[in-house]
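Here it is, the structure, as structure tokens.
Labels for the chains are A, B and C, by order of writing; each one numbers its residues from 1.
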Amino acid sequence: MQSLLSLSKWQVFAWLIGACLSAPLAFLIFESLQGDSDVFTHLWDTVLWDYIYNTLVLIAGVLLLSCLIALPLGWLTAYCQFPGKKYFEWALMLPLAMPTYIIAYVYTDLFDYAGPVQIALREWFGWQSPDDYWFFDIRTLGGAIVMIALVLYPYLYLIFKTALREQSFKLLQASQLMGMSPLQSFFKVSLPLARGAIVAALALISMETMADFATVHYFAVSTLTTAVYDTWLGYYSLTAAAKISGIMLLFLFVAITLEKISRKNTTVHERQSAVNDTHLYVLSGKYAWFASIYCIVVLFFAFALPVGVLVSYSIDYFDQAWNSEFFLYAWQSLKISLWVSVIAIALSIIVLFYQRIGEQKSKALPGRVSSTGYALPGTVLAIAVLLPLTLLDTKLNEWLEGTTFEPGLLFSGTIFAMVFAYVVRFYAIAQGAVEASYVRISPSLDMASQSMGKNFAQMLTSVHIPLLRGGILTAGLLVFIECMKELPAALLLRPFNFETLATHVFQYVSDEQLELASISALFIVLVGLVPLYFVNRSMEQHNS
Amino acid sequence: MKKALAILLSTVTCLPAMAAEEINIYSFRQPFLIQPILDDFTKQTGIKTNVVFAKKGLIERVKREGKHSRADVVLTSNFSALMQLESMDLTQPIKSDAVTKNIPASFRDPEGQWVALTKRVRNVYSSKERLGKLDALTYEELADVKYKGKICTRSGKHPYNLGLVASMVAHHGEAETKSWLEGVKANLARKPQGNDRAQVKAVKEGLCDLALGNSYYFGKMLQDEKQKPWADSVYINFPNQTNRGAHLNVSGVVLTKYSKNKENALKLIEFMTDNKAQNMYASMNMEYPVKPGVALSELVASWGEFKEDNLPLSEISKYRPLALKLIDEVKFDL
Amino acid sequence: MSSLSLKNLSYQYDGQKVIENLDLEVAENEIVCLLGASGCGKTTTLKAVAGLLTPQQGQIVIHGKTMSDNTQFTAPQHRNIGMMFQDYALFPHLTVAQNIAFGLSKFNKADKQERVNEMLELVHLSEFSERYPHELSGGQQQRVAIARALAYKPNLLLLDEPFSNIDAQVRFQLINDIRQIIKDQKVSAIFVSHSKEEAFAFADKLAVMHQGKIAQLGDAKTLFEQPACKEVAEFLGQGIYIPAQAEDKCDFTTSFGRVTSTKVCENAQGAGKIYIRPAHIQLENGETNDVEILQSRFIGTEFIYQIKVADQAIEVPVESEHALNINEPVTFKIKPHAVNFFS
């Protein structure tokens, strides 16, 4: 009876969280049921298919390119010894801290027809007009794919590397002894075994890609996100916008389902984790050179070059770009990112805990509905968040009418709205990372802990949470960095006079004058590096 | 119970106590463009200004916040946002003799639901080197096959272009505008992208010969060390001078329906329509002031007098949704 | 021609010598066990043979082909070696049949299928071919592992503690089965173990390793009866040292009386110690009380007495009908046997 009672308490918690985090989307869908669908029919007849095509090509391109970049890097750093590996291993995560809207701006500035690279080429070769030569056009679908992949590949890199680390070396040694070269072993053993992890990472990347607006907008590539903005803010049709969001959610649902299916197939295997103390392959000669150069090239384009350009902007425009308010903006960014990370992780642990101990068939549902906010583009999410929050505020004000206190927009007009929106958006990342750790905790530990008279809460705090450490750290890192970069929701939901680094940068980016905010942009990257450093160090200490 | 909760909430929440001498602004315009004017206002009146800036979604936010919204005024960068706020019943009449006196009737709503603050012209820039000055140019000519592969513009769905297309519909009707759009699209040197400055830059680099752009960008580029060579490579042309005149857009302001600081808001609006602020708009942002008699910046004045399209903005605004549909239909941006 | 020849092999890790100047020959179709306590270098030797690590010094020759010496190194995938791991290292994402077929990349499709079937039959797992490894019992997994390692006809088979995860009741049956399979396939094998019982049952020859060197190589009986050094003697069976004086090469005096050796001890001279195993001890109630009985337990056919003698503890079995009266004095006698004398 005791146990039944406490179980239902967790069930209530989990469902409550699920309800809160999916409320914005639910309200959005409810709103969309009222109203006409003329605009949607019009879009359907004209541009929608182009948008869907662009969206699919964009996602496919980003996934493919991310694989090409991240899979070799994951394999090299997990299994091989080569010069500089120790540094590359964590440096390769740096591009995570680079917002897409900044990298897109910097690259356009460099490689545009009117940019320094093409100008230099024209001067060098004496070309006069664009007809004299061919140069790739950065403001295209292809350009957008490259930009997005350059900042999102670290997801795949991080998750894939961890998965490889957990595979037993013996499997690869066995494969090698049976005549497979290291490369063949990679394709025949490592890759299929890490499939679940790869699909999980790709699902994350495709959701991020789908939600991206800044880059595709800047590159004038029309995707479904563009369509949502157009319909909502151009045609002022919430119905059509919600319907298009519905199409995107369908993509998302497919992505999540794929991920779940592949995870289900691998749960049995994942129990065989191994701690491998030494390197499997020691690269030498040209292979070692090749490995190091590959890492350097990726780091150069994804991180060093854009940061270098920002630094050069900062020096050229120092007087205009310097602003003593930076530290305040940085502090506000930091504060909100920390809050969101802690809340998202705490909620995901509760939901996953219920998923583990629950006996109802529906126990996985709270986790699933909670993750739906991830694929919504920032501004859409922001408006969707306003729907329940403003309703709540109105009700609260009505209820308190006649008392001395008039709360006003207690939820929607304060920093609460921002934190809530961020949590809704990034909860999926936290849950994904924590869940990956959770499946590795043996169920017999639960039984052992219960048999020793611990209740659920004690089991959670004294057994699960210490064992989830790795997952929690990864989740914290990813959510934190995403929060630092997040823009549209911050822009729309912030209270008066509240600036984060990202919103400060945006007012200049939106006027195509990033130069004037280059120091703030550097700050975003730098503040993002702080947790990267600490989490990395903490993981290293844990491993050794 | 209710009372207890009310007291509890009022103590734990960090809601800033709303001082009387304050005004809250939702702005579609970048803070760095309007801050000097707001600072001057505060200096003069002692009223503090609080700003939220966003490029998208502010109208939805005002709507959702309803009667508890703390926004007193909304500053917009184009006329369609003004009309939208009005049509969604989020505004209240600006009742001020000063404003009525300052702003000509065609640049404010008859009931005072919105007021324009500055004017900007949709100009066409031409390459000095390759095309020279084009005094007789019309918007209609942009579809002429002689400019094939020579035109650059930003996205057709940007409010500035949308306003222009809506005015074309207002003057020529739907069918003619659609074939005009198709013609312009066929003449584009590249897919619509970037902002208005980027188009001038592309002319400088030889990518195209004609670029659509708002007037104030030209002035601002001339003031920027890095961008001056771009602006120096083009002439600014005022289209349709021989017939209806050049298309105008405006930035403007509304007083929100549930403004809590209406007095102060009115003071701000009056301030913004008066000589001092109008002058600042003109000299700093290179815009055309709406108040008659306010001097243009020297630079803007040097571009010469021009004829404005007199069709009322509210009339043009009616065709905005249709303009958007046409742009989708011809796949202008794709 | 020997199947494997190691000459002067040395390997260091982190500045510590793990194998030192090791020599070993394995004949055709011979099973050699590397026996020793953990840390003696036996698994490292196995990995060096497989090519999974690179020795700093020495030569490895397999079937007349030099795999590794100071100038060259053949990668593991080109050595044609079969290996069975302690945890079997079966690929969890592949079925039993796919696991066995893994090394058969040079076979065409039909040959591959035929070989897989042949191997499945050999290990009696034909009906399990479509199962995944985690659906099999430990013994079945082990048979898949041996089938997989033998499928591509390796020149040499390496087995790394293959029986340590198997229940004691079925272990010796399995050892016999697998030994038979290896013998049938006519392949030479090196087998690593720390259990002398497994080694005795499985190998033709034993190489007892100690501190990175082979202390002694020989068949089980020779090693047991004529250990070359204390380490080998101790490793092959529990025992105690009794001070002794060699009278001649077959006769020794101890404080427990005279001991006669059934073999000639070449090194017997002067004062030394003899190594006594439980089987050579006779306990009976007598006049002198030589031992202290620490504990006794009955296991059916015999009693096991834990005794302390000459300051060393040892367990000695005594048949039930000769059970001791532990309240009476107990006399310690040494039966005549092949004495191991160490000076």
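Here is the rule we use: a contact is a pair of C-beta atoms (placed from the backbone, for glycine too) under 8 Å apart; a residue touches a chain by one contact, two chains touch by 3 or more.
Model, not experiment: these values are computed from the prediction.
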{"item": "Pairwise touch network: line, ring, star, complete, or other", "value": "line"}
{"item": "Innermost chain, taking as reference the mean of every protein Cα atom displayed", "value": "A"}
{"item": "Which of A-B and A-C has more C-beta pairs touching across its chains", "value": "A-B"}
{"item": "Between subunit C and subunit B, distance of the C-alpha-averaged centres to the nearest whole Å", "value": "88"}
{"item": "Chain centre separation (subunit A, subunit B; CA means) in Å", "value": "35"}
{"item": "Centre-to-centre distance between subunit C and subunit A (centres being mean Cα positions), rounded to whole Å", "value": "54"}
{"item": "Shared-contact residues (touching 2 or more other chains) in subunit B", "value": "none"}
{"item": "In the complex, subunit A residues that touch subunit B", "value": "42-43, 46-47, 50, 113-114, 118-119, 128-130, 137, 139-140, 219-220, 222, 229-230, 232-236, 379, 382-383, 386-387, 390, 393-394, 397, 399-400, 402-405, 407-410, 412-414, 488, 491-498, 503, 506-508, 510-512, 515"}
{"item": "Complex interface listing, subunit A residues touching subunit C", "value": "168, 170-171, 173-181, 188-189, 192-193, 195, 268-269, 272"}
{"item": "Subunit C residues within the subunit A interface of the complex", "value": "50, 52, 75-83, 85, 87, 89, 91-93, 102-103, 105-106, 134, 148, 152"}
{"item": "Residue ranges of subunit B touching subunit A (in the complex, touch as defined)", "value": "2-3, 5-7, 9-10, 13-15, 24, 30-32, 50-61, 64-66, 68-70, 84, 155, 157, 162, 190-195, 197-198, 201-202, 204-207, 226, 321, 324-325, 328-329, 331, 333-334"}
